[in-house]
Amino acid sequence: MSEIILKTEKLCKNFGGLKATDNISLDFERGKVHAILGPNGAGKTTLINLLSGELLPSSGRILFKGYDITDARPEKISRIGIGRSFQKTNILPGFSCLQNCWIGAQSCLMTSMRFFRPAKHLREVHRRADHALQLCGLSSKRNQIAATMSYGEQRQLEIAMMLATEPELLLLDEPLAGMGSEESQQVTELLKELAKEQTLILIEHDMDAVFSLADTITVMVDGAELETGNVDQIRNSKAVQDAYLGHDEEDAA
Amino acid sequence: MSDQKKPGISRRDILKGGAAAAGLATASSLIPTRFAIGGTAKVKVGILLPYTGTYAKLGTNIKDALQLRINENGGKLGGREVEYVNIDSEAAPPKASELTNKLIKKEQVDFLIGPVHSVVGMAMVKIARKADVITVIPNAGANGLTGSLCAPNIFRTSFSSYQPGFPAGQAMLEDGHKNVVVMYWNYGFGKETAAAFKSSFLAGGGNIVKEIPTPFPKVEFQAYLTEVAALKPDAVFTFYAGGGAVKFVKDYAAAGLNKTIPLYGAGFLTEGVTGAQGAAAEGVRTTLHYADSLDLPANHRFREAFMKATGNPADVYAVQGYDAGDLLIQGMAAVEGDVKAKAEMIKAMEGATIDSPRGKFTFSKAHNPIQDIYLREVVNGQNQVVRTVQKAVEDPAKGCKIG
Amino acid sequence: MHTVTRPIIIFLCICLVMLLLFPAVGSPFYTELVTRIMILSIFTISLDLLIGFTGLVSFGHAAFFGIGAYLLAILFNDVEHINYWWSLTLTLSMTGMAALVIGWLSIRTSGIYFIMLTLAFAQMCFYFFFESPHFGGDDGIFLMNKPEIMLGSRQLVDLENEHHYYYFVLAWLVGVYLFLSMILRAPFGHVLIAIKANEQRVRALGYSTPHYKLVSFVIAGTIAGLAGFLEAAHTSFVTPAYLGWHESGMAIMMVILGGMGTLFGPVIGTFIVVLLQDFLPGFTEHWKLIMGGIIIGVVLFLPNGVAGLIYSLTNRLSSKSKEAGREHV
Amino acid sequence: MESSFYLIQLLNGIQYGFLLFLLASGLTLIFGIMGIINLAHGAFYMIGAYLCYWLTGITGNLFTGILLAIPLSILFGYAVERLAISHLYKRDHLYQVLLTYALILIANELQSIFWGNDVHSVPIPELLKGAIQLTDNQAYPIYRLFISAACVVIAIAMYWVIQKTRLGMTIRAGASNREMVQALGININWLFAIVFSMGATLAALAGMLAAPVNTVYPGIGDNILIISFVVVVIGGIGSIKGAFIGALLIGLADTFGKVLLPEMASMVVYALMAAVLFWRPQGLFGKV
């Protein structure tokens, strides 16, 4: 077994009486793709928000490379190397594509409090931003204003911004949400590319994509962990089928 | 309150204003005042008074009375026609410098009249001193205006805060009140009035039980009145004006305090607001340089004329404006309309005796009126003179270096 | 994010030349009025850094204007020879400290609460000067002598001279404009603009946004203090009304009318509002009615202000050469 | 000072607090439910006071005056909402601040045109004219107690309307989720118009009730605006309960500040607000 990069211990989050995250203890391994599956309202996004510092847990601990980051705020989490993308497109609409990535690339380089030198003169920032755009296949759109791009491109930009911070661990909140099949295909390819070098924690609805990408899968129901295993284990799990498919039928009805 | 009416009104006003503005423009372009000394050109009188907001009523009365006095003189100053340039001061200190400059530099007025608000007065006088424009202050009472800021070209026809305050100490001692609570709005005017009151009251052997400054311009007095009731003084001396004066007098009476603790104040407490105060004001005694009921021929004449001209009853503010007009008339008559002869005109104005509705008065070396202060009592909504407390009260003009 | 296109640069240069030439043709009154407008412009530009670029709607910005003015008047009240550089440094550093404290306390909140908290602090400062027995209370305070700008033993600028002061203030206005456009072009400025666009995202990218907001608040407060300093040196008279919420409201009005999020917009807005205030009262006694109507018109029909109008005009003119002539702010 | 002194001050503070609640309740309603910062709140207060003065003068009775003034206020609030405010729902707070600021200017000018610049007073009806003797020399006017009672009645009525009626349910739902209410087939425009004119009418009603003790003069609206905002913010935006508690807190802080810290009386209230927000940035009962 390889190194554990991120670990949660008995993580809980309550909203009033509702247990959005219920006693989650998971290990995330370096270099792997760990997907989190679950029906709507299972608490997946809450979990990501806890990991990324948007929310503070009610109890439990989060350890990153052995350090306790339970109470860290989002900016701290990002600085130590955990990047996240958002489920709803969350870009800077008035900025150009490149500028969006710039903001990302700049953050961990400690040059952002510079007042006088124009941003475009910073070579290292430039390199990172370009690299992120290139990875996401947006190099040709670098000067386009983000708000004017297609939805799929904006989703790609969302990921590019995160990549520009050069994180060690990527938290991806439904990167394929709302995409057409062709766009979806593109992003899946991108994720596969990333998976070669990075550690990914992936929340996704799209079963096919998850099964083709993930090394490990955790299934959540009502805020709690139902089962964790590799693709085959999950595919064949009775409990998962009952819970997950059962819910799906309910949703359909 | 209708939104339908709004455009109609503004349109009419615009038309009216536009016509006036056009007339003004042609007049001033045809007759270049700067080169025409003597007969032909109009005398420009710049008026900086508040016509909006809390002090609007004061501004309007002063302006109307000033023009009334000049109209009685055939609408002329020193034989020359008069052109008024009216600017709304909004009683806004931050704008005071700009508006004063507008009158002096843009309109190039020969005389400056204003303002009501002391703080505006500070900024205005400072500029007027430098520009050497003859200025008549028809209200603003800050001591400093004819004190540390005094100048040969600055006159005041109203009062200094000292004047209504100082004699009040004597008046209250004479009425037999030894232990007194002093309440005032905690701002320049209130503080100066209270200080003047205290100096004479303490010197005469009085005892100040407590001094209660209340935040200006707030009108929540209930907590203070409870304090007064608990302190049980012989009487209360106050400084409040305008809406605050109405509220204070009514609250004082509503709390039943007027039955056991007589209320005194600087005259503004019951000036122009007795109608709104109603029965609550009955018996309140104040000191001021004027009273509506003064039995003087000049007063009767003035009140009648003012009522006829404006449809409103006159008040002390109107008197001050009226006297400002009189001062201009006397000054201009002495130089026969030659506004360039400043030194001569100032000399004439310094020596002027104003036959005012408040009684005749002359000017001190600092150019503030030397005037009688009356003790008045509200009877049937009228300020009736009880007695003249002190004759020819002169402001000590602390810090004034002229004369 | 606004970009300064070539036509805009040309437009700004024309404006600058007009301002440079104005005292030669303008009457003394208007020279002085424009001086005051330029001082207020420095103030509104600084507010725009908060409202238009950082997304912090401060409803108490006049406090810093007033504090700057008061500090000069209090600290150097009866000093005979006021050393300009020393008084400026002292005033600005103390205003900056005040902005740091107020900013630190306010930035914890956001949205409506931020608006109200900045208002509350401004009101506290207002009452502090208004009721304090030491600084003249509501009567305000005079500055007996004007600062002297010396270089060695030679007087560089005579502040008593209206023309000198005009160019002196103009130089400050241009200086502040260039300073802020430099900041906004630098990484720091990009982060500010990004915070306005989407704070949550910027935090998630690793920025400690409160720090950036605080630095922005302090810069804006200090520049507002500079404007207050210039005003106090100009009129030699400071009253608490400078800190009142009406002044803060008017400043917001100027920024929006001119066009927030552009640095030249607030300057245009300040010119328009002050000139309207100069012009309308001669028109009708109830001129505030018209002023109110104009404000409502701007809010409803011109949300991007005059600058927005200029942008859409120049964009139409230069739509073909748009890509070529673009430069980033 | 004896204890009765502090008891009377307590009464003063509570009474002032009730009045502040009346001022602030309309504001918090508009704030919380519509997300509108209504600087013109003071203008509605002023208009209420002037309407009361005007109509009481015509009818000769305060109560008929108020009864006639209420529908006028409702209409006025409705007109303002339709003509101006309704265009701002999707816009930044900044524009709301500005537009309602313009409404203040306009309202003040209209007041000056219609009613002039004099100080007026409104007579207290015979029925409520008396006073209750508290100590040997201080009495408490019955009309002040009447105002307090009216404030309590209005507070209870508001609580009842918002918690128990169908309209209240819709209003609460509209505050938390605009889309949902629309999805339920309720006309959100209509709902907002109702809420705004309700808020405006509450402000006007405060002006009417306070007119006999406060007198009516130009600029009264401006004086109460800021303090109302302070109450709303301390209590938590949108919370009626918060406004109630906040108003009482401010009423007491102001009263005892005046007695115990006379030098800083005006700053006490703002310091309290800053302290509360420092401790709870969303106010006492505000939602995060």
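So that you can tell them apart, the chains are marked A, B, C and D in the order they are listed, and the count of residues begins at 1 in each.
Operating definition for what follows: a residue touches a chain if its C-beta (ideal position, glycine included) is under 8 Å from a C-beta of that chain, and two chains touch if they have at least 3 such contacts.
Just so it is clear, the model here is predicted, and its values are computed rather than measured.
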| item | value |
| --- | --- |
| Required minimum of steps from subunit A to subunit D, each step between chains that touch | 2 |
| Most central chain, judged by mean C-alpha position against the global CA mean | C |
| Chain separated most widely from subunit B, comparing mean CA positions | A |
| Centre-to-centre distance between subunit D and subunit B (centres being mean Cα positions), rounded to whole Å | 35 |
| Distance between the centres, which are taken as Cα means, of subunit C and subunit A, whole angstrom | 42 |
| Distance from the mean Cα position of subunit D to that of subunit C, given in whole angstrom | 33 |
| Subunit A and subunit B, separation of their C-alpha mean positions in angstrom | 73 |
| Multi-chain contact sites of subunit D, meaning residues that touch two or more partners | 106, 108-110, 112-113, 265-266 |
| Residues of subunit C engaged with two or more neighbouring chains | 127, 130-131, 286, 288-289, 293 |
| Chain pairs that touch, as defined at the top of this document | A-C, B-C, B-D, C-D |
| Touching residues on subunit C, where the partner in the complex is subunit D | 51, 57, 59, 105, 108-109, 111-113, 115-117, 119-121, 123-124, 127-128, 130-131, 245, 249, 252-253, 256, 260, 286, 288-289, 291-293, 295-296, 298-300, 303 |
| Footprint of subunit A on subunit C - complex, ascending | 1, 182-183, 185-191, 193-194, 197-198, 200-209, 212, 215, 323, 328 |
| Complex contacts: residues of subunit B adjacent to subunit C | 6, 9-10, 13-14, 16-18, 21, 51-52, 87-88, 92-95, 97-98, 101-102, 104-106, 118-119, 122-123, 126, 142, 144, 186-188, 191, 215-216 |
| List of subunit C residues in touch with subunit B within their complex | 27-30, 32-33, 36, 127, 130-131, 136-140, 142, 235-237, 239, 241-242, 247, 277-278, 281-290, 293 |
| Footprint of subunit B on subunit D - complex, ascending | 1-2, 5, 8-9, 12-13, 15-16, 47, 51, 72, 76, 79, 83, 106, 108-110, 112-114, 116-121, 123, 131, 133, 135-141, 143-144, 213-215, 217-220, 223, 254-256, 258-259, 262, 265-266 |
